[in-house]
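What follows is a set of structures to go through.
Heads up, the next two complexes both have chain A, just with different partners, chain B and then chain C.
This part shows the complex of A and B:
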């Protein structure tokens, strides 16, 4: 009995040491924060219903306009994943806003941090452009600004009004769950996920209602109800990143 | 002075002349613009230039001044009833209105005083457009039977409310209005490009948005059928002869729309565009180049004299 216990503990120690060796000292420094888990008043999450997604890319375009993104970069990609019984299936991929985010762990200057509401936030003033986070992200959600974005944004005005400043050259950028919309909305007493002015632009713009946004802490929110009533999955759950983006599979079939 | 130096000097002259001309001409070219812009207290165009420009390019901005409307309105004795939809802020009591055309505040209201801190209302709903695009003017019943409507889609899924035209999706512009359909209905476009219809130049809209119009041109206040169903009547508009010989029911949709479109286009392009500022600048540049070439020897001599004086003093 006690022997097996010891062995297991030894194994865990070994595993711990090797992880620390791979990740470097950063992980140790950040261990406290990354294991913190849910803490704020809200815990935002997104549900993407693959059975409704037609791959039209309106979400990507709305994102590009509202966040004033260089057309060569995408915070939100819609990927064709193949067909199920003759029908195309698409995978819309924003930032997963992981509960245990590898990008936060590896950042040497704390430019990527957790907000109390679970959003993984970029501080573009702190970012030194080392691109560790871009490599660490298992979802490919981050992009590097090789050039400053100047000139017209082709997605404006058809797909929306820019709401945030453009990022300078030499920083890594990614989806923010449109935190600017959430923050302004909350300040005005609106409810993200219900009032369009307080909800991420991709969710508002989706023509088929394939994206749903809300508060996991509120058991009556649309996301909580959906996740209770439907089978769902997250991307690469095996990595232990605990993403906050959930997928409802196409027509109840297993992961595409 | 060698040839290269002479050219360089001339080029400097050319650039100088071109630059000065460009600045002067542009200042002039910009002047007559505000014809459209005597506007509301919170001037939207100050901060939303892109939207303003998009809007100014479309039918909503010209809903009052459009010559086709002006003509029809005058012909009917200028009834106030028309203004409910053709202007912004119509007051039936006095017969006056705030602004020509379907302006920003026709769709974005009430205007909050402390915008942009407070959001401007955005009604992204079918009902907003339905205030004016309704009933017989639009084919509301047909629209409500459509799967699109029933699946909760609104008009702005396909239309840009500002330019009052269809949205265009990057990369699919070449397919015209059907690019929109193809973008969402990829499955239906797998084999279509190889069909005889596609090769004959047909697209989705030709079958799925039949025009209502009766014979003799698209009548005012008629719209393409927004039920998006293709029925036998869509086929007969082209294939009447292949079935039972010509029928009265069959009228070419293309021919009738064309009767309206060129008229509107002509009206929009009425004012001849002035010669571009760049044209003027180019001309000035050439003159500068020539001037520089001619003046170069004298300039060089003057420069030498000057530097000699400096050395000797």
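This part shows the complex of A and C:
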């Protein structure tokens, strides 16, 4: 009997020590930002001017080419939202890169994280494909790779050249604000939002200038100036997600 | 011809043959999913969680008899129920492995199933559930050691290993504490997985977690009692103390009363103001495509009828009525999980400005989903049948395992009443 008691104690001790060790390790390892708050050097944001958008879908196609996306999937969607005085209005919807992103909160493996510059980033090597983020995203911005994307990309080369690796079957993917272009551009001394090579492909390709990209941290950037000078809105602000994609409504924009 | 004639088909063999056939079909379907991917399912980006998630949720829910009965026996000191806790533990082990098997098919990258254990996101309810389920599966495996030690083959071939496995029951009280903690966490946070999603107004409320654990305890105990009674009616290898089972069944009736009470206030509190998405969701449940499931499956057959059958002594004492009531409880829990999971997804809330429009999408599982799901259920039935036959998991006559005398804290426990 005393023997079992000793064993029991040892067992509990061992269990306690191992749990504490694993927990300690995890806390030690934890370096990622816990919210997408404005702590980085840059805060990238996109402004979509609805009065200029003609619904041509060039942005979607450029996005598919540069990010090598399955034609079944759209990281960017252009949605018809009805007409105002006879003129069709469109709403282009990339990932909102929320400051409080539900997808980052719910991902069980930290495959969705905040970059210091505010971009909500996917780690495709870590994603297990549970699709909880899809269920949680209020904007329908996420797509699952139901099948492998093999063969040629119909958007290439007409709409651009792939800049990132294709995602494998079984992971969730979404718009990245073309972080590969931003990072490479910054490394070359370019300014995202001004130099096309450092700016998201959809913004560069837009024929009417309906998409504007830039740094919210820089008060003189084009997005900061636009948002100062015009009425704007974000999607589902009631949810408190604080998206980084702003819309200039069709009738409150410079051209109207 | 002669050979076939010699092979006598016993009901046992027919039963096992049937289950093995279903399992084989399920394995084939599962392999197709692994090879071809989830495009074989009818899941979409709109409805990414379907039949398999319902099987996960249901099998975990109806395994809740394990933690609740172990807590009753080892923590409340109701040691008369020990043989029943043993059955429940075995069912729990089966249920959790069923959930893991299904989950393995459901995630897009089954090769990365271990990521949640290594890459922690403490904000994620699903991470918490994964960790708890993993740890609790280990607890269940330990708790089931003395049961596996009953295997005749093991006892004759490896008597020392069997004795060692038998001795794990000394830890039963500690395992019961850990199991209780882990189960209280994940049984309720399985509901919170849905409840924390603000973008889904029908789900976004704190009550789901409470409803999930209460219904799980009712369903888990119901399955344990039902499976025990059914085994005893079918085979002589199972024997039961009917008085014991009747008392648990009576208790289940009262849990259901509590569950119905919670559900009433939960539903009522959602009906007062118009909230886009939530109101439509409620309407879909109560008068739309889910109305039959909701009113008949969840409410009438899943709660009201079993309450009447289990709380009335005249019906409770008749094995047929009691078993029917318990089966209905299990069915009600499964229906609740199915309805909860789907109703929140079928209502799609628009994010477009000035358009609080609600769209409806739809989902019917594909044949592959049904086949693999049936395979998982058949695996559960086969495992339990083998347990009854070879491990004596339903045996109320066996001498209660003697760990109470060895519990150091025994004096601190209140004396069980009625002993």
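One rule holds in what follows: the second predicted complex is superposed on the first by the 216 of 256 C-alpha atoms of A that agree within 3 Å, B and C clash if a C-alpha of one lies under 4 Å from a C-alpha of the other, contacts with A are read in each partner's own complex, and residues count from 1 in each chain.
The criterion applied here is as follows: a residue touches a chain if its C-beta (ideal position, glycine included) is under 8 Å from a C-beta of that chain, and two chains touch if they have at least 3 such contacts.
Predicted model, so just to flag it, every value in this text is computed and none were measured.
After alignment on the shared chain A, the placement of chain B and chain C results in a side-by-side fit free of clashes. Looking at the shared chain after the overlay, A:140 reaches chain C, while chain B stays out of its contact range. Taking chain A as the reference, the larger set of touched residues comes from C, when chain B and chain C are compared. In the superposition on chain A, contact of A:131 is made with chain C only, not with chain B.
Of the two partner chains placed by superposition, only chain C is touched by A:107; chain B is not. Once the two complexes are overlaid on the shared chain, A:217 sits clear of chain B and of chain C alike. By the touch criterion stated above, A:166 is placed in contact with neither chain B nor chain C. Of the two partner chains placed by superposition, A:242 touches none, neither chain B nor chain C. Across the superposed structures, the minimum distance from chain B to chain C, using CA atoms, reads 21 Å. Partner chain A is touched in their complex by these residues of chain C: 36-39, 43, 45-46, 48-49, 106-109, 112-113, 115-116, 119-121, 123-127, 130, 167, 170-171, 174, 193, 196-200, 345, 348-349, 351-353, 355, 406, 408. Across the interface of their complex, chain C is touched by residues 1, 4-5, 8, 11-12, 26, 30, 34, 79, 81-82, 91, 93, 102, 104-111, 126-132, 134-140, 142-148, 168-172, 233, 235-236, 239-240, 247, 249 of chain A. The part of chain B that touches chain A in the complex is made up of residues 48, 50-51, 54, 118-119, 122, 124, 151-153, 157, 160, 162-163, 167-170, 183-187. Only residues 54-58, 61, 86-88, 154, 156-158, 161, 184, 188, 196-197, 204, 207-209 of chain A touch chain B when the two sit together in their complex.
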